[in-house]
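Some structures to go through are shown next.
What follows is chain A paired twice: with chain B in the first complex and chain C in the second.
The block that comes next holds the complex of A and B.
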């Protein structure tokens, strides 16, 4: 009995040795690189990588002398503890849904819209301007503000989109640099032409008289609009010829052109839609939550939207859970601030989640192939 | 008038120096086929490391060295993810930008707003510094300026185009499979290039906080890491062309400062926009005027494409 137990251990050890030996020596033979990852490996690797990043972040916080468990409990309590916290979470969640959707839409055609932050500001500017200058019944005024926000966001991405479509200019850099221009433009408007003369303390515009009606107490109908837009965009991209052409153009531009698809036109349409969605997020933030134009109004929503899209992997429906995760992370940042930690620490954590997700996604392409050597 | 021009040129050399230093680092990585979008984050890490090192009694040069080491450490993480694990370069670059900027802002919170404890001192070169215009603009600067504007670009040019090592590096960026077949260790070269580039980005950050602005605050990099990436493209992936590009960008930045100092009838926010708008113009105008997509052929052929030996 004892002997066989020992020998089976020896066999096991030898097997383990063999396994790791093949792992290190014949690396190319023991892994299969799949052309595309399976659905489940992708999902599992994504969840695992997010968990890894959060655990790593927790370890760093613990090493810095903070009580990570209490922090997590605090975050959970601040987010889910009562209806009030839940509504606040919704208020962070809904702009993230739209900025994430904006970036995800651009990813459908294989391009990056890193300028969500700028388009958000552009939409906020236009919506504020319309809200301050148009006299109309509230419903019509809000609709006009939404249209203005969408158009301004689309206009903000127009030059990078044209340059990408016709001159092959890298869209990442041009869209990103316009973010800084938008921030400076808001600074200028809030200290100059649009500044509220009655408000001597903060540089902000006057109060916009039109408000989006509340869905609950604090949470406004903008949240519902964002969620509905996610489904609408998912339908558009998943169930229409247009969406199919966009996907083909993103996967292989030349094949799409050869098949007679108008790649440049699709590219322009997708980019304008992407910019418009980010602009709409800015409008909802002005009309629903902040009610005026001010410097930090975007709260990094535009940048975080890129992470949302990256985690969602360009799938519009997956934007919902991905943006929820980032909303929770933002809430963690707010709790952290009450501990005296810089609010930027949570930005480092989001970056870590993104890095880990990118690595995890690639790992999902590999499959162990133990029989490959004998098959030859 | 001559005073204004001199001041402008001094600022241009400092502002452009930050960009050039970062761009040379980015060039090394891009020539090896790696598109490093994390320069902004690496610069922030370098900048805050430099400030912290100096605040703890290190001289400015040691501060810059620490910044290079810190940025190189982050470069190692980045290289491990994209070179060894072949993760998506764009995603990892963005992650590096975000986490680097966030981490630097969190760590540097208590140093924010204070002047740097030690800065790169300017050295007046005897005789030459007495020259009318160039004297103050060029020969009364801190000596690092010469390293950035003359020695480093020439050295990099020689390294890339005149050495065995350089041709291996470029081969890896153009056709990693061919380079692999001829005995170049593709992943090793890419890893080294990314780490070296990251170190230079860190040095650029330290130059920003210890020589140009001489203090630290959140978001001090202000998109310079992205302008750096544009500068590499604008310079046609050649170190010596990038010197001219950096000087142009530096002059545009300096023009904004001159405008603010002399009360031009343009709101300061618009003057601050100029570097960004000029960068976008520099990205769009050359292909627009050339009417051919030359810039695409200037870029290394395998830029941004991860290399799988199995998929040759």
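The block that comes next holds the complex of A and C.
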């Protein structure tokens, strides 16, 4: 009788409300909801919420018997202390920029692309296949791989986009479910058709012969491409007629239709761009870092991109600092593992940052005000 | 009433309620006795809903007193009004669609046992339904019920809370004729059992058939309280619309119709719920005229304006702009010179979270100099937005603030000015003066007249008959999605309009 329990619970809620209501009536001040947060309160609340999460995490680490200050210093040392650390950071940062940008692009028209993970894999598959089968000068081959990665990522989101635009099917569900299809597809390919015949031990494709040239030692030009794409997308949204239409459609679909905009077409284009960017991230990971297709190649970058976009408030430019923060946390996690800290502790810390950032975001909409005179 | 009579179940004594700059209720008196059905009659905006919101504790009055059974009361909240035995059945039901009837009845009710099972709730509901003679199925999910059944659940919920004063807001608007007959029979039974019933309506025949007494509100004032047996429809129409509403004539005499610019030929259309909203409408807007649409809100006006601007497809018939048959495509209507001040500016006309500047250019962003090829010039957009803001006399602290920070009146002026700029052939204006103060209303109407004088066809939807008769060249009255009549403004008078608006063919 779960249903009946639920309904009697809902009915009983009122008695609980009545009980607690007496406490709330004694407040002397109340929160005023503002129509929009100011720029500074928003920035301050963001920084405060990140700091809160880190301090809270630090307390837990201390309680667990770690020397939190020393850990923090070591993490900073490992991340910023030398070029190797910085390059490692950059290698995590760069895919997060693109997957974060992919999610942020979709959010601009008010939709959630939860499928960055799947599109990342699709891009990686296509890029690997092109890399293994095309014989061309490195530059041309890499370009073809990039195009293949982008197109595959876009193709992976095509069906959810069509379903959303014409049938109003919830894109969160469809894009999410396709992630699992992509994971299984990669596993199948790496153990079957694309498996490296020369390597009987690991389930992975053969080595892709084309590599993105390095920017420094390990860090490759993919990082520069990602950063340039951030500015390009920011320009596209801020300074083009197309971007204006997308912003209006994202802010109020009815108003966009009223103003004569082609909302469905924009929705399709935005989704394809979003999927393409995530696919491109997959291609860069194959051609720049991993050099082969293997299960787990995405490192959850697709999911983490959603977090980046949420932290960035869907602003393309803010994707850069947001993805940097996340890269820092992930990098810290790798460092901390060498001290015997569980990787789940770091994942929990990452979640804590997102949670408190979300809370801070809403709190910026409120202002503490003296209680209004009672209506009585 | 003599001293020997028992006190009225409800007595409102000069209740006044103001909203920023508008008097919604101006010293309204109302007496409702136990055992009677008392109709509250008035046009939209006459103050009926505000008055009932005061009585049910949702609003606190700015002046006046409320007496229940002769004792003065003050309600700080709706809960206090319910505790005092006042119950309201709203036009839009306040039920949880995913819950069963029994769950809805017991939700938020002090008499619900702390621990209660589903069979217990259904048994309690069945007993209540029997007691009040209402036919409901306790186990059914509310979302699956017809409007009439949902209304019975609402009434049952209200009565089960011990309501002795039952208020129904336009209760028959959602009912079939059969369901209406059942409702009215039930109401009579409750009245006979001693309840006081307030019946809000704008349908004249229904009011006369149901009510014992009738109070007419107009423009926030009580104009009359009458015995239903003593009055007839023409008298009520006159009271509701106003004797003083006589045609003032057009501001430019000797009007001759220009060419037809926008035309509906046998157009039918459905509303958002898929029900017929326009039925076989023939209507023509001429160049250089103001054609006013009069009617009680919800009789097809919204669908009319949407069909005329390409936002809603016609299920039958043709829409012609300058003789060309149009597809339902807002962009094509915009390109053809049709401006549209929409009914719901926050839903359709504006993107509330975007800046004032972004909203001001929403109709011209594709034209140079705003668009140079694919590039959107922010500088040109800001310049145009500045011009529109200045022309509209919108008080703007900062053009880049979200448009939702503007007051309703400023939003309205911004949308109106933006649309007037693109209306080179036709302006469809739905309630253009809504939310404006008296001075701004005059300015807005002057703009509309100027557009008419420059040869643009204007279709004006308004609920303010005085406004309509003041500036319109012709009036079309809508009722239940049909054109009840179209005539020159000189031939219109309050009684005729009132009868047509109430669904009576004059």
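FYI, the second predicted complex is superposed on the first by the 338 of 376 C-alpha atoms of A that agree within 3 Å, B and C clash if a C-alpha of one lies under 4 Å from a C-alpha of the other, contacts with A are read in each partner's own complex, and residues count from 1 in each chain.
In this text, a residue touches a chain if its C-beta (ideal position, glycine included) is under 8 Å from a C-beta of that chain, and two chains touch if they have at least 3 such contacts.
As the structure is a computational prediction, the values presented were derived from the model and not from experiment.
With both complexes superposed, B is the one of chain B and chain C in contact with more chain A residues.
By the touch criterion defined above, A:206 lies against neither chain B nor chain C after alignment on the C-alpha atoms of chain A.
Legend: residue contacts after superposition of the two complexes on their common chain; A:260 is shown touching chain C, with no touch to chain B.
In the superposition on chain A, A:172 makes contact with chain B only, while chain C stays out of contact range. In the superposition on chain A, contact is made by A:243 with chain C only, not with chain B.
Looking at the shared chain after the overlay, A:43 reaches neither chain B nor chain C. Contacts of A:76 after superposition: neither chain B nor chain C is touched. By the document's definition of touching, of the two partners only chain B reaches A:342; chain C does not. Of the two partner chains placed around the shared chain by superposition, neither chain B nor chain C is touched by A:155.
By the touch criterion given at the top, residues 1, 3-4, 7-8, 10-12, 14-15, 35-36, 238-245, 247-248, 251-252, 254-262, 374-376 of chain A touch chain C in their complex. Contact residues on chain B toward chain A in their complex (touch as defined above): 37, 41, 77, 81, 85-88, 90-92, 94-106, 109, 218, 222-223, 226-227, 229-230, 233, 267, 269-270, 272-273, 276-277, 279-280, 283-284, 287-288, 293, 295-296, 308-311.
Considering their complex, residues 60, 74, 76-77, 99-100, 103, 106-110, 112, 114-119, 121, 309, 311, 329-335, 340, 342, 347-354, 358, 362-363, 365-366, 371, 374-376, 378, 401-402, 404-405 of chain C touch chain A. In the complex of the two chains, the chain A residues touching chain B come out as 28, 33, 112, 114, 159-160, 163, 167-170, 172-174, 176-181, 184-185, 187-188, 191-192, 303, 306-307, 310, 341-342, 344-352, 354-355, 357-359, 361-363.
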